[in-house]
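I have a structure here, written as structure tokens, and I will follow up with some questions on it.
The letters A, B, C, D and E name the chains in turn, as written, and every chain counts its residues from 1.
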Amino acid sequence: MSIADRSAGAIETVGAWLLGLLWILPLAYAAWTAFHPAAYATRFDLLAPLTLANFVAAWEAAPFGRYLLNTTAIVTMILAGQFLVCTLAAYAFARYTFPGKSVLFALVLMQLMVMPDILIVENYRTMFGLGLVDTIGAVALPYMASAFGIFLLRQTFMTVPKELEEAAIVEGCSTLGVLWRVYVPLARPVFVAYGLVSVSHHWNNFLWPLIVTNSVETRPLTVGLAVFSSTDQGIDWSIISAATLMTAAPLLVAFLIFQRAFVQSFLRAGIR
Amino acid sequence: MAEIVVDNLTKVWSGSPAVDGISFTCASGEFTVLLGPSGCGKSTTLRLIAGLEQPSAGAIAIGGRDVTRRSPAERGIAMVFQSYALFPHLSVAENILFGLKVRRVPRAERDERLKRAAQTLGLTQLLDRKPAALSGGQRQRVALGRAIVADAAVCLMDEPLSNLDAQLRQEMRAEIRSLQRRLGMTMIYVTHDQVEAMTMSDRVVLMREGRIEQQGTPAELYDCPASGFAARFLGTPPMNLLPAAIGAGLLPGVPAAAGGSIGVRPERLRVGAPGRGLAASIEAIEYLGADTLLTLDAAGAKLIARTDGHARHRIGEVVGVSCAAGDLHFFDAGSGRRVEANGNGCNAPERGEGA
Amino acid sequence: MSRLRASIHASLLLLPAVVLLAAFTHVPAVRTFIGALYTTPRGNRPEVFIGLDNYRHLLDDPVFWQAMANNVWYAALTIPLSVILALVMALAVDARLPGRAALRMAYFTPTVLPMIAVANIWLFFYTPGYGLLDQVLGLFGVAQTNWLGSRDTALNAVIAVAVWKEAGFFMIFYLAALQTIPHDLREAAAIEGASRFTFFRRVTLPLLMPTTLFVLVNAVIGAFRLVDHIVVMTRGGPDNATALLLYYIYEIGFRFWDSAYAATLTTVLLAILAVLAAVQFLFLERRIHYR
Amino acid sequence: ETTVNMYYPVAVGGPITKIIDKMVADFSAANPDIKVNPIYSGSYQDTITKVVTALKGGNAPEFAVILSTDMFTLIDEDAIVPFEELVSDADKAWLDGFYPGFMLNSRTGGKTWGIPFQRSTIVQYWNKDAFKEAGLDPEVAPKTWDEMVAAAEKLTKRDTSGNVTRWGVQIPSSGFPYWLFQALTTQNDVILANEAGTKVTYDDPRVVEALQFWVDLSKKYKVHPQGIVEWGTTPKDFFEGKVAMMWTTTGNLTNVRNNAPFPFGVAMLPAKVRGGSPTGGGNFYVFKNASPEQRKAALAFIKWATAPEQAAAWSIATGYVAVTPAAWETEAMKKYVAEFPAAAVARDQLDVAVAELSTHDNQRVTKALNDGLQAALTGAKEPGQAMKDAQAEADRVLRPFQ
Amino acid sequence: MAEIVVDNLTKVWSGSPAVDGISFTCASGEFTVLLGPSGCGKSTTLRLIAGLEQPSAGAIAIGGRDVTRRSPAERGIAMVFQSYALFPHLSVAENILFGLKVRRVPRAERDERLKRAAQTLGLTQLLDRKPAALSGGQRQRVALGRAIVADAAVCLMDEPLSNLDAQLRQEMRAEIRSLQRRLGMTMIYVTHDQVEAMTMSDRVVLMREGRIEQQGTPAELYDCPASGFAARFLGTPPMNLLPAAIGAGLLPGVPAAAGGSIGVRPERLRVGAPGRGLAASIEAIEYLGADTLLTLDAAGAKLIARTDGHARHRIGEVVGVSCAAGDLHFFDAGSGRRVEANGNGCNAPERGEGA
């Protein structure tokens, strides 16, 4: 590497890290306030005493253990549903031609635009009709077919080299076989990306779960978290931060584990 | 068992035909080579037979069944792709076993076949690698392995040996040929290597710009090229094509009047003392180890003659070039098609059957 | 494969998605939009058909126009900023930077953190006087600013939060897509003497286009859909300075319980989004090389 | 056994859900044939959303705690039943046992629609250290607007470069500025809405005058921060010493008590023409879809929860104002007030308290006012103009109800 | 100008060396061929020279400058990749011009060079196509075109002709060679085709398992193979290697005692009447057009002899096989290295310079 390259590299590294610091600032702040008494929430003093009291207070304000379990069940269910439903649909959109394809695709994209909140009243009525109110299934069901996922996977599938599909077909793969053995493994980084995003999103989803569930046995973490936000008394940053860290920690850990999956070496050397 | 009949097959890519109404038959258990210059439609033909492209016109039958509208999986074929088409996420072993797993071949048999194929192909050490960590030739061998283990009734191979060295290629040639015989596979094999075409095939289909220029046994093609194109395409160095006026000088008694061109293969030319045959001067000498190629100039026409490895000639030397009567080929001036002049009929010699 | 069979396969693959989408999106949406032609039914007053009256009202609604203007500004800033930042981030963490695992994490955190909590933290950053922003700016002698409490700065302050939230989200998709670019292209370009920028512009960017289309469509829609932080931070205030269309719809629908008017607004918003998405799609899809 | 579902919001800090659960458990112990099922439903806003959604889905709860100002909304949705239909004649007295200040928000058209439960009002808090520092009597809060301005001018502190390091007074104006503004209008002796909830008086000169005063606090006297002041951060501003006096809910009592690092005082709001403050907070409502037994069961719980002992316990645990005079007479409450006299300030202010602004199509009508207030406070409009615009919008919205 | 010096270069892939301490020099303007079996490290060597891989050890100098740590762009090279590495989203013309645009070559010159290259490569009709719409050979030609237009001082080519037919390949060979001469490029060229190696190169570097087996002019390698491996690697069919005991029968007066093996090239064998030389029976006859290959069995050892195209032999016939004195090569039994027995020194014949 030349000197010019190296210094360019150094500038980029510094720039990337500055941006990173900026981006992590809220989390850093949350960590700061969560581990310090409320008095230090807005003052940064290296000698400030550490405490776990905020976590204790937050933990006790709601049955977080149970909520954690519920949330895990909900996001797992949604993710499994989305992977299945979206993969199938995206495959059809990416590799088949059939009459009405573009109209159907436009209809799918519509869902990206229709905000689910607007449909809450209607969807509640549907769930009530199905007798699903206050079940985990009711929380998950409306999100299983995700236009976001279909669109994303379609875009990805369309970049998979066609010859690989052809090779698989010649080897005797059925339609689903090709999907499962070629497209899905080749799109792995995108599946990981989608999985992380979907889990994060539903981990933090609040309004619909609040509306459609009534009992501790079905409610997700965010409902517990909401106890601390928007109170009449103003904001207690210490407790909110502690609760936030508590609820987000599993996600952060999951991200650290899965981020490696973005780096897949196998497509790196040219396969012609 | 699995005869392939291609009938009037046509494939048009945005206006220009890549394959233009070709018909040929590959009998069951026969080894057919598709030969032709780059871009003439060999791969396209193969892909049409495999069902990977929809023909614009024409039909394909395999084993007596019209499969024109059938999916590739239903055609019972194995295929080596020119671009290898290895699955980058699978190891060598998984790549080779892909089809067997899909078809639920029992594990023990799978392992057995893998072991054999890996041995044949010299891949035993590499079974756990991903394709990205292989050399070009190794990738090609993996692609070959995938077709070999399939034991399909029909096998299509698209330049499967192009990235292998001479020695390995020779071994593979023998291996593929014997495998094909042993299993009675019907093979369609694309190659640009005429030695492969000559040594392996039962039948050669020579293509040119989407059409069939000539088809027949290798000897037929070599000894009786149907056109100037066919004559020059087979053989290295290619056949010399001379204007009839000049070429007539090679052999007494050849009429120069007819026009058109006269062809003679480099290895058939005898280079001797000046005075006998056509007078020519040596322009270049190329030493190939086993042979030496002489580039000759005869009245402005260029000829190449192949002589012994250590033939002692010098550049600039004037020599006489001649040949035997049966060695001359006559081609029409306009169409380039063969003319059977002077009762110079074509009789391909018997072909010695290889080991 | 025959066309008929292809169609059958395709419809089977699409069936689950179509059923779920229809049940939980299209049917309710259509029902909602029909509602836009009626007055809002209340417990003690049944709905009345009024045709396009709701739309007429909308044209005279100053808050709607204000929200519209806000949203245009909001979109004009958040979309390019977040998409470009996302790409920059993805390129940064895809390269061999020291500590890129940590960096990926940093960029991705906004997606992981729940918005209700995070918006409260941002509230602190923006607090006049002792908020982090003022504390830092104070070091440079900048006077206190009431970032969220003044009409001039509130919208931009909210935009910063949106960009922060969206960029890392889109980065993930760019990062995944970068992995599918064959390495030998980079090598070929390096040998040809292409600078990294040239390679980026002439090879990476075109090959990322499928992802860019995806990200752009989502960014546009996101610019009209992401309002959680508004709910916590400004509630559309001061004096509607940060009211975005969806927030306004939310207010009409869930505070005023005027479902007919909310449906009217939603129809309009949906029409805007559909047009924007379709334009992008038709414009870009043909230029994308999918391999 | 009768089962009834109760939705309830959490609007103050502390383990509210646990307190409610304990209350329900105690009630069940006393009434084994009734099963109350408490369902935490987020904030007030989330709760009304959940309730109306469930209502429209045909699955409303049997009773709920919802903002007192949502009374008209619920009536318009035909969702709730008036308590007169539920109570026996003997219980009529029970209805009259609450502070009238709270009942103003619970009655309309001669019917009682809600029962006060978690109620609050606005009071002023002051920093005694700051008062001392500014040469003011730390034990006496300003009693009138003029006194407040005078004190605030002394309390406002600037550093050498002219930046304010402490404001004299702070009245939050984010989110629901109408509520704090209502304190100013009440003190200027004007009521913003009629009892039927069909008319508002936003453009009354006295209203404009009150708004002018609020604007002047920062514009003219320069003792109040510019622009919109965030409700959520106001207590923190107070703890940080960034303001010397703040107006906020009595619900903050416990919070301030725990977190203020200095001695502080709590007082009734200052007067102009009169003293006064609006009330706030949530009432019990009983829903129409409840069966007669369920209605009875709900009523039983409501009566039990608002009985003096429970009301006192609830007040002490949460900081809400106990809703009946009788509750203040209980031993527990007396002891609490003795320990913490500030707790009684809210009670004393109830005598002059008025109903929180509430009309038909309530949120829209208050939004008109909120927008006007924020426009004036940010300097986008003159107070007079702002209130005229707000009045016009409110009139438009209310026309169908008149 | 641009001499390439490779010094003790090593590249280790996860434990196993792909290139194992090789050193060679390619003088400025010289044409060096890297030859060797599949997987021996040719591509890796090329990639190391290009700077696409970091060597595990060793150094590379180009034009006297140590470039071991330099980026590929700084090395002033052009390269043809074995995998082509075409930009899938760019047309043929854009692919070829990519480097020139990057280097801001003026438009007029760019167009000029493109036109010339496209003509040479027969791509003129295809300039607007995307790579996906090309045949395998066409793709390879585009990759070649990219290197040709670059006019770089150093050019690296990795099997650039493997997918072309014989005729085109021959044209390309001549074209590349003349281009290289004209521009004085220093060329390192990987091929598995020994004809290419023999006809194009000034120098051949023969590799085996990451090491250099032998290097020298083509004639040196052909005539004086340094080992049994080298002897068999060059030449098709490869040199016959016989146990000394049997091989000694080919020529009177050869001592059979020494052990080891004796090599003789197929084209050097004379097949005549039984009694002269080694007695052998004909096992197979393979007709190649120009020649016929005879597979012979001499006391259990197999030999291949190349004879004239139409030599009339029959399978099973017993013949006598002999050769001239200078045609025998002796190899050590253990190491396989060449033994200069009986003053049988090696003198490569002069190599006629081609046109």
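The criterion applied here is as follows: a residue touches a chain if its C-beta (ideal position, glycine included) is under 8 Å from a C-beta of that chain, and two chains touch if they have at least 3 such contacts.
Fair warning: this is a prediction, and the values are worked out from it, not measured in the lab.
Two chain pairs, A-C and C-E, are weighed by contacting C-beta pairs, with A-C ahead.
Among the chains in view, A has its Cα centre nearest the centre of the complete protein Cα set. If you average the Cα atoms of chain C and of chain D, the two centres end up 36 Å apart. Chain centres here are Cα means. That of chain A falls 38 Å from that of chain D.
Inter-chain centre distance (chain B to chain C, centres taken as mean C-alpha positions): 58 Å. Averaged C-alpha coordinates give centres for chain D and chain E that are 92 Å from one another.
Each of the following residues of chain C touches two or more other chains: 120, 123-124, 127, 130, 182, 184-185, 254, 291.
Residue positions of chain B touching 2 or more other chains, listed in rising order: 71, 83, 133. Within chain A, the positions touching two or more other chains are listed as 41-42, 121, 161, 186, 226, 228-230, 235, 237, 264, 267-272. Of all residues in chain D, those touching chain C in their complex are 45, 49, 52, 55, 73, 75-79, 163-164, 173-175, 225-230, 232-233, 236-237, 240, 242, 361, 363-364, 367, 370-372, 374-375, 377-378, 380. Note for the complex: chain A touches chain B at residues 161, 163-164, 166-174, 177, 181-182, 185-186, 188, 264-269, 271-272. Chain E meets chain B in the complex at residues 13, 35-39, 42-44, 82-83, 122, 133-138, 141, 158-159, 162-170, 192-195, 198-199, 218-219, 222-223, 232-238, 265-268, 283-292, 295, 306, 308-310, 315, 349, 351-355. Residues of chain C touching chain A in their complex: 3, 6-7, 9-11, 13-14, 16-21, 23-29, 31-32, 85, 88-89, 92-93, 95, 97-99, 101-118, 120-125, 127, 130-132, 164, 167-169, 172-173, 175-177, 179-185, 210-211, 213-214, 217-218, 221, 224-225, 232, 246, 249-250, 253-254, 259, 262-263, 266, 269-270, 273-274, 277-278, 281, 290-291. Interface of chain C with chain D (complex): residues 42-45, 63, 120, 123-124, 127-130, 143-144, 146, 148-151, 234-235, 237-241, 251, 254-258.
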